[in-house]
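Some structures are shown below for you to check.
The following pair of complexes shares a single chain, chain A, combined with chain B in the former and chain C in the latter.
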Partner chain A sequence: MEKRVVFRSSWLPYLLVAPQIAITVVFFFWPAFQAIHWSFLIQDAFGNSSQFVWFQNFQDLIRDEAYLDSFKVTAVFSTLVTFIGLAVALVLAVAADKVIKGAMAYKTLLIWPYAVASAVAGVLFAFLFAPSVGIVSFALRAMGVDWNWVLRGDQAMLLVVIASVWKQISYNFLFFLAGLQSIPKSLIEAAAIDGATPVRRFWTIVFPLLSPTTFFLLVVNIVHAFFDTFGVIDATTQGGPAGATQILVYKVYYDGVKAADLGSSSAQSVILMVIVIALTVVQFRFIERKVQY
Partner chain B sequence: MAEIRIQGVRKSYTKGTWVIHGVDVSIGDGEFIVIVGPSGCGKSTLLRMIAGLETITAGEISIGGKIVNDVEPKDRNIAMVFQNYALYPHMSVYDNMSYGLRIRGFSKADIETRVQRAAKILELGPFLARKPRELSGGQRQRVAMGRAIVREPAAFLFDEPLSNLDAKLRVQMRLEIQKLHRELGTTSIFVTHDQVEAMTLANRMIVMNAGVVEQVGAPMAVYDAPASLFVAGFIGSPAMNFLPGSVRDGRVDVGGGHLIALPRPLLEHAPAQVTVGIRPEHLVACAEGDDAFTFPVETIEALGADSMVHGKVGATPLVARVEGHAAPAIGSTARFALMPERLHFFDTVTGKRLAA
Partner chain C sequence: MTRISLQATLVACALAATGAQAQTEIQLWHSMTGALGDKVNDFSNRFNQSQSQYKVVPVYKGSYPESMTAAIAAYRAGNAPHILQVFEVGTATMMAAKGAVVPVYKLMKDADEPFDPKAYMPAVAGYYTDYKGNMLSFPFNSSTPVFYVNKDAYKKAGLDPAKAPKTWKEFAVAADKLKSAGQACVYTTGWPSWVHVENFSAWHNLPIGTKENGVAGMDSQFTINSPQHVRHITMLADYAKKGWFTYAGRRNEAEAKFFSGECAMLTSSSAAQANIRRNAKFEFSVNFLPYHDDIKGAPQNSIIGGASFWVMGGKTNNAYKGVAKFMGFLSKPDLQAEWHTSTGYVPITLAAAEQVRKTDYYKKNPGTDVAIRQLTNKAPTPNSKGLRFGNYVQGREVIEEEIEGVLAGKKGAQQAMDDAVRRGNEILRKFEAANK
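Here is the complex of A and B:
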């Protein structure tokens, strides 16, 4: 029996997907091709003329210390954001899974941060942790911590990691909670009768069964750390101090918009595009197979 | 192996409402006990209290002479087979069966012997490397039992283990469980809503209804002398016919002009309202005679070996079970002899069986 719905009209299906295609073409393919095109050009300082230079922009980047540093910063930043974000969300979800009274209120409250825009979250944290007026800074100094992220790179990194993690936890939490609730209760009971302690049950039964969820969140979080954290960084450290929090996507913006080096900026976004495509392909092709049970 | 004693066990989830109203049963070493009752009667809750998955609100449960009220499930030395099997989906059959042993720190060689032995008993040898999703329902069921067997626990607890199987497989697994119990002799408690499983598997069965134990006894004893209207209606298929009536001059007037004599020992304490119970298989067709029990035939259900003859006595529907080809014609009058020793008498008000 034919179960698929088949359109009788030949133009209707195209009409229905047209808006989606149009949006993708205008806002994704066009800029992407522009970026590739510009990445082969060098422009003069006033933007009046440009010259086709083949791969020179890319060659310059590979030799640029600042660019390689930005790579390292991105690696550290995205690793921290992803792992802390996943770990904290998992702990919260495991706790929420056990809550019976007021579970709805608890869940709803945990979801709120996701509704806050990145830039707003950044401003929020910038104020909380502001070296001169921030309430958290005040508390930290009272505890004897020399808190000044405007000057110290490691503290600046910590700040943007906290802000980005805070922003992403709600999302991770929701998925982990749904994942936990889809694990049959009898599995946990069987493991309890088999003699496993709650901790052992978690690592041998619950965590492996959550692996499809964890894997999905891993991909989403890495992409989040690479791109969506722009707002947080722009509202707080703006890549500083001395490039300590300048992740790749922020450097693309800075070099292109602030430093007006369109060619290099385009080359960087092309590299970024390739990295993300590679990352996604590798993750879905090779790792996903191992997490299916 | 061990005996299990359940004394005055009660359960409530919210204060004041009891889902189990005090159960007292003693289960002997090596006995196969079936707890049977309709859904919501508290049978699974009782089993889960024995397993330690539910707290015991009041009363005591002891396993092998040790009170286990506050003992963790893992320390009760029991194994449980769940309705949905509860196999660990990410582990192979071998790992599923050895999980409990690995946690308890058994040696590799010991685990290997035990798993291989269980696999042999359950004919799971070729499937040890497979994942649960690659197995059929019956095989999964056997893995779940294998996981229980390898631990060599004091008791097996089965929570409706056959209800997810199709009818044919259910009969087969029923026989296998019976065989397994004969071989291992481990104390077993088996929960089901299916009276056929209860009849065929049990050494003794516990019939429960609405959180109350209605009767405890050997299957045939329960069948022969059900303690209440509920048990009488629940055990036996098709269900027992109930003819309510009032007692006059030592006889029960069940309507339709039928008077059924009360046995002499019951006469003295007989209440005013009595329900007569007659199993469909105990209505024996007979030829023209004076004391025949007659009713007009309304419908016939031919099942092959047997035919069910449906009719009414007064306003009460009635079923008789006759040999396949011996069914009377629809619209004719069916004639049956009543066997006095096969009649059951219950107090209509309390529902209890009348006893001398």
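Here is the complex of A and C:
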């Protein structure tokens, strides 16, 4: 039954994948190796003098409270973004799946925010929630909330989480909706005939059958929270106040680009690289086994 | 409209490119936006028309840190611009970059361009001068923090609008009255570290760091956890608790809070004046920064912020001649006077300051002379002539983080300033190691 197309030429397949390989090497492997190399150096901003210092950059990082704080911030931030993003999107998808009239309109509206670049989303929310001129801040203050995220770390965190979640919900929604629609109606109908309530039907049939989608989204969302939220943070809090929203990737950028401390920045990106590799391995080795495809 | 002007620009560029064969191009990377950017273009054009050998090409390269990063990357790739505008906190980084930059005094000497360092305002040029007295970069836009007061709000609170508080004691009295009169936000500040640590120190003749604030050597240590510093930060935290002080952010967010009328008093850059004048629908006054009258020697003089032009290394002698000529051109009194009056930045030469003083400009525009008077209040001491801390971009951020910690009630002022010193010193040592 199986039909395979086999290249007879020995060089053609290599030629065809060459562009992709070239892009990967130039934009991924080369910078990655450069980062590893630089993480062992201390150099001045202009690169006129550099010294090989072995693991000093890493040792400095371990002793740096700000860096350890950044770990905590990243953990809190990515957990919040992933779980809120998935939960809200799932609720919306289940609801949209049931809508009969005007379903297209709902779906389109819910998918819309994904087209917004994260920097733009950040600016949008920065304006809405700006302590002095934001319209939402105005409403919050009218309700008696002391809204000032330039000083209050918890509020700043809330702001970047809301902005990041808002942006990611559409993407999650799209996948959940597709997942829901691929669940055979007969299964749900059979359960309904057996007397299962809608809630029970959801948790015993729909949710387990959605698990491949959920797993995929979990991976994508964690990566999103780790890296793609840079734009949101740069456009709103810039890591502040007092480092309350300084996630790891923002600190890499800040120390390397703004503070011109390339050794430390490279060491941080090497650590980040290791974390992401470990996270991906864990996800696929352990969580995937429990997922029913 | 935009398209037409864009086309016109393209045509102009094309024409300029064909005619530029004999001309030497000088790349100038800057971070001036809006009216300030127009002024840079205008000055460059006027220089280009004044002679035919050189052509200055100004390019807007993003914010200060962005443009500095771009220039560093360009330098590493071997195509840095001739002139780079660097903000004041980047001074130590540029200064340590031996080979990457050409000091201005050397540039002028090599190019036989007339250059007298004494012609420049000491409070301005001192910031960019090394310990031996050599001017290293060319000051372009310099401002200093001043104290703005909403006169209408004062009237409403039953205060004398003609009398702005001179000391922090008087400030407290006014703040209390404003608060009782229902003022939503009494006082706010832009650039917290620049105003409340760096200028607070200079204004009270206190050191920010050892080794003359780092000017005399890279092995400097921060001293901003002195009793006076801690007392000042404690005072701010106390005012915040009383509702007299509203924190607005690390940059100039506070200015909008002032000109919208929300806050009655503001400390921020003197260069914000034009913007405030355009937007405020009330009468306001510009004043000296308040000081603590029980600290001896206060008020001393304030220090500048802003940016200077650095000349990058590795260019041809001919190009450097052009750069020197351009800097000579920018130093002309007429041009500096125009820069000062149209932007609110202080003039960099004494001659230009004198020229403006002779006209009735200050009488017609009260408050525009406060910055110069404050900068030249007394002859600068080692504590008040400027600062030079390695990687101060990070250092200032650390100070601001710690101040935010105090204001958010997370730690006491003493603890915060001790932490700022410790963390700041770590940055300094690292910079020292990287620039041996």
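Worth pointing out:
Assume the second predicted complex is superposed on the first by the 286 of 293 C-alpha atoms of A that agree within 3 Å, B and C clash if a C-alpha of one lies under 4 Å from a C-alpha of the other, contacts with A are read in each partner's own complex, and residues count from 1 in each chain.
Keep in mind that, in the parts below, contacts are C-beta pairs under 8 Å (C-beta built on N, C-alpha and C of every residue); 3 or more make two chains touch, one makes a residue touch a chain.
Computed from a predicted model, the values in this text were never measured in an experiment.
Following the overlay on chain A, a side-by-side fit with no clash is recorded for the pair chain B and chain C. Once the two complexes are laid over each other on the shared chain, residue contacts for A:M273 go to neither chain B nor chain C.
When the two structures are aligned on the shared chain, A:A117 is found in touch with neither chain B nor chain C.
In the superposed model, A:V17 makes contact with neither chain B nor chain C. In the superposed pair of complexes, A:V282 makes contact with neither chain B nor chain C.
By the touch criterion defined above, A:S49 lies against chain C but remains apart from chain B after alignment on the C-alpha atoms of chain A. Applying the stated contact rule after C-alpha superposition, one finds that A:I62 touches neither chain B nor chain C. When both complexes are overlaid on chain A, the residue A:P241 reaches chain C alone and has no touch with chain B. By the touch criterion stated above, A:S132 is placed in contact with chain C alone, chain B being left untouched.
No C-alpha atom of chain B lies closer than 50 Å to one of chain C in the superposed arrangement.
With the contact threshold set out at the top, not one residue of chain A is in contact with chain B in one structure and with chain C in the other.
The touching residues of chain A, when paired with chain B in their complex, are 184, 186-187, 189-196, 200, 204-205, 208-209, 211, 293. Within the complex formed with chain A, the chain C residues making contact are 65, 68-69, 72, 75-76, 93, 96-100, 246-250, 253, 256-257, 260, 262, 391, 393-394, 397, 400-402, 404-405, 407-408, 410, 423, 430, 433-436.
Taken together, the chain B residues at the contact with chain A in this complex read 51-53, 72-74, 78-80, 82-84, 86, 88-90, 99-100, 103-104, 131, 133, 147, 151. Contact residues on chain A toward chain C in their complex (touch as defined above): 42-49, 51, 60, 66, 131-133, 148, 150-153, 240-243, 255, 257-261, 263-264.
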